[in-house]
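Following this message is one structure expressed as structure tokens.
Per-chain numbering from 1; labels A, B and C assigned in written order.
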């Protein structure tokens, strides 16, 4: 036994200890980097969650109990309409009737109307999550001292109604439906435009073009385009799509009566240009990664180039292409500056109904709210950030699932 | 160098062939010597030594088989090895001829030898010289030498005819000497056949070098059967 | 080649293959005989695969590749202007060094090539026949929908052969088809080649001398000359080349004393 040990020791010692030590040090640094990264993410997430939940001190202008003995949600539409008519000034009712005739409103929307027009709950003070959990006694004391007519409620600012209510100027009642739909509309149209163009370009560049100086210049420039600040795309979009192609993007050419080009179509075209280089580069990589043995097998059977690309190369590259597309989409969802330039409305509460509607998007809405003075808007902004993060997470999960699904088919 | 192993092994086997050839040369000369000196005891010993010749031949064959199986030789290398198999068989047969001569020595016993023994001795010397040169040509793949040796067979054949005439004279003159004379003719026959087998070895040498099998007849027209 | 009663199916006349200005193969004259297995052997880099790939115009995919001379298939130069390389590749099929089945089912692998070339008959029968011809039917007949990549290396290579057979070629080119396979799989493929040669002509490039000796009828030996161009040194019956080659370079190569 001892003899064996000494064989290993005498030969291998020397710099072995040093090498192990250096190894350990590097391993610790890598671990430290990971820790810092995770730690930062946790802090970020934590501060957002902190702002999205908490106690609020709420006061109703009119007590709902005085309107009806039963909870509002359980009343019939006729009853709600009559409550509305009784408690709202005639002029105001006329205004409401003109914008949104009460006969056409659903029951939940009538409840919302009653709440916002009559009951008018007002948040007097809001607290973040940590103070809520730790200082509950003090909050109650404050309420009793300063706001005797109010109640203390635990509110989660992110809620189903938050997602489905339209935008409003009141932080208590506002929802993000308008902005959410705007974001989704833009993303869908962007993908519909950018995906085929991007894939087509990538196929041409990888499969058809010969490696001469012209194609090398094109490839270099596409790489450069990917790095251009997104606000430059905004300027481009404004000049070309909003103003230059006004007739098309505003919908006038098909008879829509609208005077400006600040539509979803312009925004989607602009965003397509923004993510197009990313999609092209990513698709090129994915196509390049398809082993040439697959192409050779196809050609060897007497297939044309198109048949080879369509039946073999593209399907094999598809997981990579899809993953890259979804990542590009994730980036596009978070873009703010170019959309501001292209004309996202700063306040709009009508849902986008088509390509030629005016619009707003989540990031812009978040920005708007954080600039407002009222403290409650900070909570609302945090809630919207959570929504945005959830959308991104969903997209990334979809990317991973798609990739796994396709990889299963290819596994050897 | 590629195929060092194969080259080395082939050379080893060629050395063994030379050793076997040497054993045959010794056996041939000694067997005629026992007849000349009427050394019955030595004749018995030589007969026993034939076993060593057989063993050597099988050792050579075995080595060749192993080499073919493990080294997959082809073309020239393969021709050398198959030729060695043939040659070792020829040498073993030559050993049997020497053994035959020893047996005749024993059979002759004390009887008189009615013909000059020096012709037989001369035949043996010529045949052994041919064998020596033939094996040298074989291991060195000396085409020129191999093609010239069969011509020397003529000398051996001439001596054989001389012995034959002597034997006929002796038997005609004195029929009682038939048995002894006949045995001596047989000795000459063995030596003549031994020289013929050297010709076979030379044909193999040509085959190794050119890949072609050629019959190289000496000028006698005796049939080549054993 | 007076012993051969077979007709030449490919006649190569003074073939030189260039990569841009570099001559990779120089002045090859060769006749490939019908229903025979022809082996192309030689040291690395002497243009064997290049020559093989020129027979089905796969070199067209290499930028800068060009040829001089003629490759006549049915008396027509396959590099003529009016010849469609896609058609050439259907009639002259190829099996590659590393088995490369499509990442689809076994059935689809075979059906795709046939469908794409306009096959309109009973696909099930075609799949069964080609798999039988490729000596693979018994092993996979119950699992035609299994992914081709789950087969073993030898099975995958036989599938590639079946796939090539499905488009009904006349000639099958094989570029070191067994170099990625174990010895048993290799021998199975050699037996398969012997069977196939009754109906097809086979040209195989191989590094394995014993394989060329075992499996082929004719052998062509290539080597590199001083300009690093591949040249054909000797071409003849396999039995002749491996027992008594006419050229010393051939002898040195096959006995392993150079290359």
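Observations
The rule is short, and it goes like this: a residue touches a chain if its C-beta (ideal position, glycine included) is under 8 Å from a C-beta of that chain, and two chains touch if they have at least 3 such contacts.
All values reported here derive from a predicted model rather than from experimental measurement.
If each chain is drawn as a node and touching chains are joined, the picture is a simple open line.
Each chain's centre was taken as the mean of its CA atoms, and the one lying most distant from chain A is B. Chain pair with the most C-beta contact pairs: A-C. With each centre defined as the average position of its C-alpha atoms, the distance from chain A to chain C rounds to 56 Å. Taking each chain's centre as the mean of its C-alpha atoms, chain B lies 53 Å from chain C. Per-chain Cα centroids separate chain A from chain B by 102 Å.
The touching residues of chain B, counted against chain C in their complex, run 2-3, 6, 72-79, 211. For chain A in complex with chain C, the residues that touch the partner chain are 210-211, 291, 293-294, 296-304, 307, 311-312, 316, 409-412. Residues of chain C that touch chain B in their complex: 209-210, 213, 242-245, 251, 254-258.
Of all residues in chain C, only 56, 58, 61, 63, 86-91, 93-94, 96, 98, 100-103, 112-113, 116-117, 147, 149-150, 160, 163-164, 167 touch chain A in the complex they form.
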